[in-house]
Every structure is written in C-alpha cells, then in structure tokens.
Amino acid sequence: MMQTNTIPIAIDEQPWVLPNKGIVGMWCLIAAEAAIFLIFVTAYLFYLGKSLTGPTPAQVLELPIVGTICLLSSSITVHMAVAALRKGNIRGCTLGLGGTVALASAFLVTTAQEWHHLIYDFGLTIRTNLFGTTYYSLVGLHATHVIVGLLLLIAAFFFSLSGRVTEHHAERLEVLSLYWHFVDAVWVVVFLVVYVIGR
Amino acid sequence: MLVLSVTLAIFLIVGGLLVYALIKFRHRPTDSDHEPAQIYGSTQIELSWTVIPILIVVTLFLTTTRVIWQTEAAPKPAGAVDVIVVGHQFWWEYKYPKLGVVTANELHIPASDPSHPTPTYLEMSSADVSHSFWVPRLAGKTDLIPNRVNTMWMDPSQPGLYLGQCAQYCGTQHAKMLLRVYVDSPADFAAWIKKQQQPATRDLSGNPLAQEGQKIFLGTACISCHAVAGTPANGRFGPDLTHLASRDTIGSGAIPNTPQNLRAWVADPNAMKPGSLMPSMHLNDHDLDAITAYLTTLQ
Amino acid sequence: MATSTTGLEAIDVTAPPTQPPGPSLIYQWLTTVDHKKIGLMYIVYALLFLVVAGIEAMIMRVQLAVPNNHAVSPQVFNQLFTMHGTTMIFFVAVPVLFGFGNYLIPLMIGARDMAFPRLNAFSFWISAFGGLLLYLSYFAGSGLYGAGAAPDVGWFAYAPLTAKVFSPGHSSDYWTLSVLLSGIGTTGTAINIVATAFCMRCKGMTLMRMPLLVWLFVVASCMVFAAVSPLTAAQIMLCLDRYLGSHFFDTQAGGSAVLWMHFFWIFGHPEVYILILPTFAFVNEIIPVFSRKAIFGYPAMVAASVAIGFVSLSVWAHHMFTIGLGPAGNTFFVFATMVVSVPTGIKMFNWLATIWGGKVIYRVPMLFCVGFLFQFLIAGLTGIMLSAAPFDWQLSASYFVVAHFHYVIVGGILFSLFGAFYYWYPKVTGRMMSETLGKWHFWMFVIGFHLTFDFMHIPGLLGMPRRIYTYEAGRGWELWNIIIGIGAIIQGVATLIFVYNLIYSYFRGPEAGPDPWDAWTLEWSTTSPPPDYNFAIEPSVSSARPLWDLKHPEDQDSRYE
C-alpha cells in the first residue's frame, strides 16, 4: 500500500550555507595529488647518494632561479586575475590570465633547456642511474602538472579574451587558481629537495 | 601464550554478551507495539570501553616488545655456526664461510646444547627475487631480499630432519622450493662438514661409464651453471654439485634422489619441475646414462 | 529546533509520465550521469566479477584438494591467485561498495545528485574499462609461458619479480595499468563523495545529523586520497622501470625491493580499511532499524571512524614484519596495529549496546548483520594475534593469514554487503526480495563460510605457506584442504541462490512501498524506486532520524540533541 511520508518544509530561519563544491572538490584533488608527489619525493630522498655510477646532483645541477621566479610570479598573476574578476574587471582578468600563461610557458622553456643540457652535455637520462631515475620522474611529474594547468589556463584566457567570462565565474576561476597555487607549492618542495638538500 | 589467552577471553566475553543480547532482546509476537526506549549514548560507558581496551593493548604491546627485542637483538654466542644463505629461483645456496663449504638445498646444522650453545646464524640475501626461509619447527620466517642482507638464528636442541619451504612467492616453482634442514648431533655435524670439505676427486678408473660421463659433463654447457670442486667446473648460477649424491633429494626437495630420477631430471628438468630455470640439454640416451653414472659418484 | 509549518504532501509521482518515449534504453544507461543508475552499474558490474573471481577460487581449491594434483599447471595456478585477489579487491569490493555509496548518499542527505555527476560517470567507466583490460590479458598474446598473458605476480606484485627481466611479456603490465585505471576511478568517486557530503546536504542537516553511512563513506574517501595515490605513484614508477629502463625497483642498479613493499602497503593496508568502513556504514544503518533503537553513541561512532581512518594510515609495515625492519621498526608497527583495535572495538561495543534493550527483528538483513558481528569479532582477534610480530614471524605468508583476511573480507564485508542488498533492494526496485530464499542463502553461506575459513587457519598453523600450487603428501594438510574445498562449493551454491533471488524478486517479489522496514533516514521517504530527481522539494531535517521525528512526534530525536 502506497504511503507518502510528509517532509516538513521550513520557511523561517537563517540561510543554509554550505561550502562551494568546486573548492572542496579541488582541495580533495590536491590532497590526492600531494600524496602522489610525496611518494616521488620520498623515493628521491631515499635514493640520494645511492647511485652506483654516473653523475651526481652536485656535478650537474644548477639552481633554476629564472624558472622559479617565473613560476612563483605566475601565482601572483593568477591571483590578480581572480581578484579582478570578482570585481567585474574582465580586462584585468584577461591580463592576469595572459600573464600567468606567459610565465608558466617561460618556466616550461627553462625546464626544457635544463633537460636538454643534462641529456646532451652530461649524458644523464632516466636510465643512467638512481639519480637520473628519481630526478626526471619527480621533475617530470611536476612539469606534467604544469602542462595540464597551462592548458586549462590557456582555455580560460581565451574565454576571457572573447568576452565569455563574467563575474559569476569568479568561483570557478578560483578553483583553477587553487590548482595552480598547488602546482607552485609543489615546485617549492621540489626545489628544496632536489636543488638545495639534494646537492 | 598471553596473546592467545587474552584474545580467547575477549571472544568469550564479547561473544557471550552478543549471544545474550540477541536472545534476550529479540522481538516476541506478544510484545506491545511500542518502540523500546531510545537510548542515545552514555559518556561513562564509552569511556570505560575505551580505557579497558587501551590497557589491554598496552599489556600486549609490552610483552610483545620484550619478545621482539629478545629475539632480534639477541647477543651472538662464540660457538655459533655461520651460514650464508642465498635464495635463487627455485633453489637454496648455502655457504659456510669459516668452514670452506659450499652446498645447496639441504642444510646441515648442529644441535645446540643449552650449557654450551652452538646456534646457527644465517646471513641471507637473494640472487634474483624475494624469497623467504621458513622452517616452522625451528624458527619464524625471514625474507631473502636482493640487494639486502637479513639475519636470523636457529637454536635447535633435538636432532632430526626439519621440513619447510620458501614462503614468499618467487615465481612459477615457488611451491617446490622446499627446505630440508638436518639437525645433526655435534659429532655427525663435524663428520658431515669434513666430507663436504673434500673436493670430488674420487677415483673413477673402475667405472668407465662414469668417466665418460665426467668428460661429457666437463665438455658441455653444464659447467656454465654448475660447480664441482676439484674440477674445472665453476658455474654459480645453479646448485653446487660437488656432493650431489650425498643428498636425499634433488630439485630442492621436490624429487627423491635416485638414479632414475636423476636421469629423468637431466633429460628434461621442466617435465619434473615445470618452470625450473635449468634447460634440457637434449642429450641422447647413452650420454644420459653416462652423466647419471658420473653424478652418482659425487658423494 | 522545530520546523515551523505543517508539511506539504510529497508529490505523488505515480502518475504516468506524459513525455514522449526518450532515447533507447542502452543509450540512456551509457550516457547517464544519474547517481542511481551509475550506482547500479557499479553493483551489477561487481556482481559479474564476483562470480568470475569465485570461479577462479573454485579452480584453485580443486587443484589443492589433494597433494601433487595436476588439475591445472603451476603457471595457470599462479595466474589464478593473482587474478582472484586483484579482481576481488579492485573490481568487486571497491565497485560494489562505492556503487552503494553512489546510490544512497544523495538520497540520504536530501540531495538531487552527487556534486559532480559527469565526474561520477567518468569514474565508473574508467574503472569498468580497467576491469575489462585486466581480463583481456587471458586472451592476449603469449606471456611467460604462452598461457595467455594474465598476470601471475600475486595481487601485490612484489618487486623485483615484476621487473622486465623476471616477468617478460606483458602480464605485469596488464596488472599495473588496469589497477591504475581503477585507482583513478576510485579517486574520482572519493572526490565526489566528499564534495557531496560537505556541500549538498539538505536544510538542517548539520554534519552531526548526517546518517552514519555518509560519515563512513566520507572517512573512507579521505583515506582514498591518502592511500590510493601511493599505489598510483608506485605503479607509475613500475611502468617507468619496465619501459624506460629506470631503476626504482631495479636491485641490480642499487634499487630497493623493500621500497616497493613500503609503497604498496602504504596503499594496501588502508585499502582494506577503505573497504571495511562502508561495511560498517551498512551495519550502522541496519542494526538500529532491526533492533528498533537509535544507534548507541553517534558522536563516539563518528570519532571512532575518524580515528580508524587516521591510525590505519600508520600500520602498513605489519605486512613486512619478516623483511628485516629491525626491532625498533617492528616495535612501532606492532604498537600502531594494536592501537587501531581500540576504535574498532568501540564500534563493536556500540553495536552491542544498540541491540541491548531493543526488540530485535530477525529478518534477512539482520541475520547477515549478526553473522557480521560474530565473524568480524573473530577476524579482529586473529588480527590481534598477527599484530604480535613474533607470532607473525611464524604465520605471515601462511594460510593463517589467508584465513584471517578472508574472515574479514568474506565474513565481515561480504556478509554486511549481503545484508545491504536485502535491505535496500526494496528501495531500488520497489519489490521485496524473497525472505525464504534469503534464509536459505544465509544459512548455506554461513555453513560454507565456516567450513572453509575456520578450518583454513589450521594448515597455516601447520606450516602451509600461501601461493603454492601444490604440496607434498605427509605434511598433515590434506584433510583440511578437502574441508576447505567443500565449504567453497557450498558458498558457491549459496551465492547462486542469492543471484537467483535478485533476479526472481525483480519480477515476482511483493511490492515494497516506500518504507517496508519502518526505517528512519531520508531515503525511505521517497517512492520505491525513487524518482529521477529524488526529492520534489528539498527536505528539511532537525535530527539524525528525520522519519523517526515524523512518526513519533511525541518523542522526537531533536529534543535530545
């Protein structure tokens, strides 16, 4: 026999406010990705000094100052883009995104240059020794995340340039910028582990 | 043991309470329609059944810790016998470094007298993948891991044959990487060692078939994997065969060591132990007879 | 906190739809983003793999029934135990549990769907593809010995056995890639669950008024982030080793086999807690309803669940007591493992207290929960035995361990899962499952389960290691292996009865109505099955048991908050 229970509908009271699901979802993704990076960093630290042959970090690595400045600045530009969008300043948003794209691309270029140097001038590849293995995998994993972020930022940039982005999209852009800040934070860790501690 | 009695007690108490509750509080048709009293919780009760388990855990932990340290950090007495164990896919290599003995698959160790202990200390590693040395009646298991050395000790007092097998999956014939540990009386052990220290220089002049077998053995690829002390054969990929005929089994405990089995093994190891890494040498019948005759002289 | 108005009737959705017929049924299911359909696809998919993996287990039991048997070759046997374990964990347990979560969570929190419906669909399809990829390996080209290329490295695929040199061919790659895909799907679903629970609750449903099921899925999902990612990372490393020649686990180049073990078990142990927490979730919903009492100690249950989540992340090396960690390392992991038993025990006691003073109704869902309670108790106790490292030095990698974890997974997880099927089937389909067939299923399964897994402890104690395709006569293992096999057959028959019941009841079961069990959470307020949109109007709740409040206006839970 059909029975319908009545669910009371409340009319009074304070507004029922819950967190933004995009932000929560992105933090969850960040947690998962952070765990992946943690494992690669652990492997890197574990194998420091254990290579049986081949070049050591001190022999071949130089501090990637330029790339790091570019990447970390890109966090500022993307933050500015979001702030601008919140205020309805579409032009500011477009500029911020464009700056972020440019700086991120510059970072990738410096990484590519570094790898070219390592491979062709020192003969260091992923299969050379444990250092090569852990270095290329960790930095490569990070670079992959940069590329993915870059593609998303380029898309956002073109949407913004063509006038399709409005104030209502500010939260979504913030989700993307959260991802980007994570990528930068990972770079800080990689920088410290690989180029400071590891050398 | 404490762990067993504690767990049994917990099982009886909690299980008993469960049984009691499930019977006493079952719904009976004669019950009124009212729902039972809704009880949402009780901080005191929650605390009690948090604190008591914590105390149990602390007790178990402390006793367990003591056993761990007693076992793993035990000091090594002067009379200990050292054996180096190397795991291979699918056989065991044993070396007695201070006694100059290299053998395979059947381990002899002396029985130990508590007043004058002669435990056996094993230093273990692997030549390929991970294995594990487990002879239940002698000790817990310890893994053999490539690029790593693990140690364990055994201190048996009763002579006899103790069986075990590899306890870490290592490939196709993991199941037949058996362990045979012969705990000998000190006198027997000394005699065994003496024999093992001899190279294989038995005089074969009265045994033409065995002589022929030796020639085939030394001239074929056998020596690229196997070693026989006293001959040019010095391969280390496969088991040392110097005293093969003194062992009760071949194929690391898988097959009784009889001339027929030995012949069948050499003819086609994979027929008897599929997945064994020893290839068939495709010898003809006569050569097989000769080789078998030679191998049975390796006492 | 009372709601102010009298309610509106829930909209009667039994009126026939007036739209024209939509796209074909297959297209609908292939492209759906509805959490209910996706949940059902997960569940059906898992049931199919349950049968397949069960057959793999049967074949193994036949091979092991007598010593020196030749029913299957060693190569095939090694593939069977690898596939059985991998399938059961990744393509049965994970999908079925997250499938239930998918179906139930939005309904229980008064939401219309999950937070990210398209991500939901993507997660399902990528997991499904992973399972199919794994089974493709049986038909793929020659592996090591030409017996198809199904992986044969064990479900935990220890290095360096998985290196190219020891596992030529592609069998290990099938393992790596299919499990990797499953991990991506699981992570996606976990993100969805956390976002849904935090951001989509109906009005008035504070976190401490969520059904405990939702809490447990949230904790399990958070554990997924922490635990599945290490496996993903390790698998990427393994692929790099096998294909780009890197040396993560290449012991010849200084790499470490132990590193794989750490990474795998940092995943592997929390993984089984990720599986048991949804199990607890079902039990948390079923026991109160069939004892006619609120769950005892809701806040303590939440705290215990979160505690289990945290502590279980620190116990992993109890799978590695025999690898030579050293006494300090072993001591730490003994401690952590023993500690995790405390919150777990709290949960057992709370269930006991829920039943105590209630009026227990022995319908099939409750029967399975009773089985769960006893069996999980025993499994936990054998776990405590194994947590004592010296004990473990004897029993690790033996049939004692196999018996222990099957006791948890079959005796605990599967029993609770069966209970969940019988409990929620009426909601999903609108019909009740046959109670008679259910009782047959239950009793046969209990008998079969205990025959197999109680007696399986004994060969372990007698020295029988795991993963061996045969054994010598005269070790004293023969009788036990036969008993184990008989129990397996009985369980198989019981499972077939269950599957038959599922199908039969769909067509012939009595109509269920929206609330056949007189339960108290929001999913029981919709029709059975629920309409596509779940709730016509967003509900508003003032306690953890909204329907109890409605049914007992004189004794509402909200008064005791």
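Letters A, B and C name the chains as they come in the text, with residue numbers starting at 1 for each one.
We take it that a contact is a pair of C-beta atoms (placed from the backbone, for glycine too) under 8 Å apart; a residue touches a chain by one contact, two chains touch by 3 or more.
These figures come from a predicted structure and were not determined experimentally.
By the document's definition of touch, chain A and chain C have no common neighbour. For the criterion of most C-beta pairs in contact, the winning chain pair is B-C.
Chain centres here are means of the Cα atoms, and by that rule the chain farthest away from chain A is B. Each chain gets a centre from the mean of its Cα atoms; for chain A and chain C, those two points are 33 Å apart. With centres set at the average Cα position, the gap from chain A to chain B is 50 Å. In terms of their C-alpha centroids, the spacing between chain B and chain C amounts to 35 Å.
Chain contacts: chain C has residues 254-256 touching two or more partner chains. Residues 73-75, 78, 144-145, 152-154, 158, 160-161, 166, 251-252, 254-258, 291-294, 296-300, 322-324, 326-327, 330-331, 334-335, 338-339, 341-342, 345-346, 348-350, 352-353, 355-362, 370, 373-374, 377-378, 381-382, 384-385, 387-394, 396-398, 462-463, 465-472, 475, 552, 555, 557, 560 of chain C touch chain B in their complex. On the side of chain A, the complex with chain C involves touching residues 1-12, 16, 18-21, 24-25, 28-29, 31-36, 38-40, 43, 46-47, 50-52, 126-127, 129-130, 132-134, 136-137, 141. Residues of chain C that touch chain A in their complex: 3-10, 12, 14, 115-116, 187, 190-192, 194-196, 198-201, 203-204, 221-222, 224-230, 232-234, 236-237, 240, 244-248, 253-256, 259, 263, 266, 513-515, 522, 524-525, 527, 535, 537-540, 546-547, 550-551. Residues 3-4, 6-7, 10-11, 14-15, 17-18, 21-22, 25-27, 31, 35-42, 45-46, 49-50, 53-54, 57, 60-61, 64-65, 67-69, 71-73, 89, 128-130, 132, 134, 136-137, 139-143, 145-148, 150-151, 163-176, 178, 274-275 of chain B are the ones that touch chain C when the two sit in their complex.
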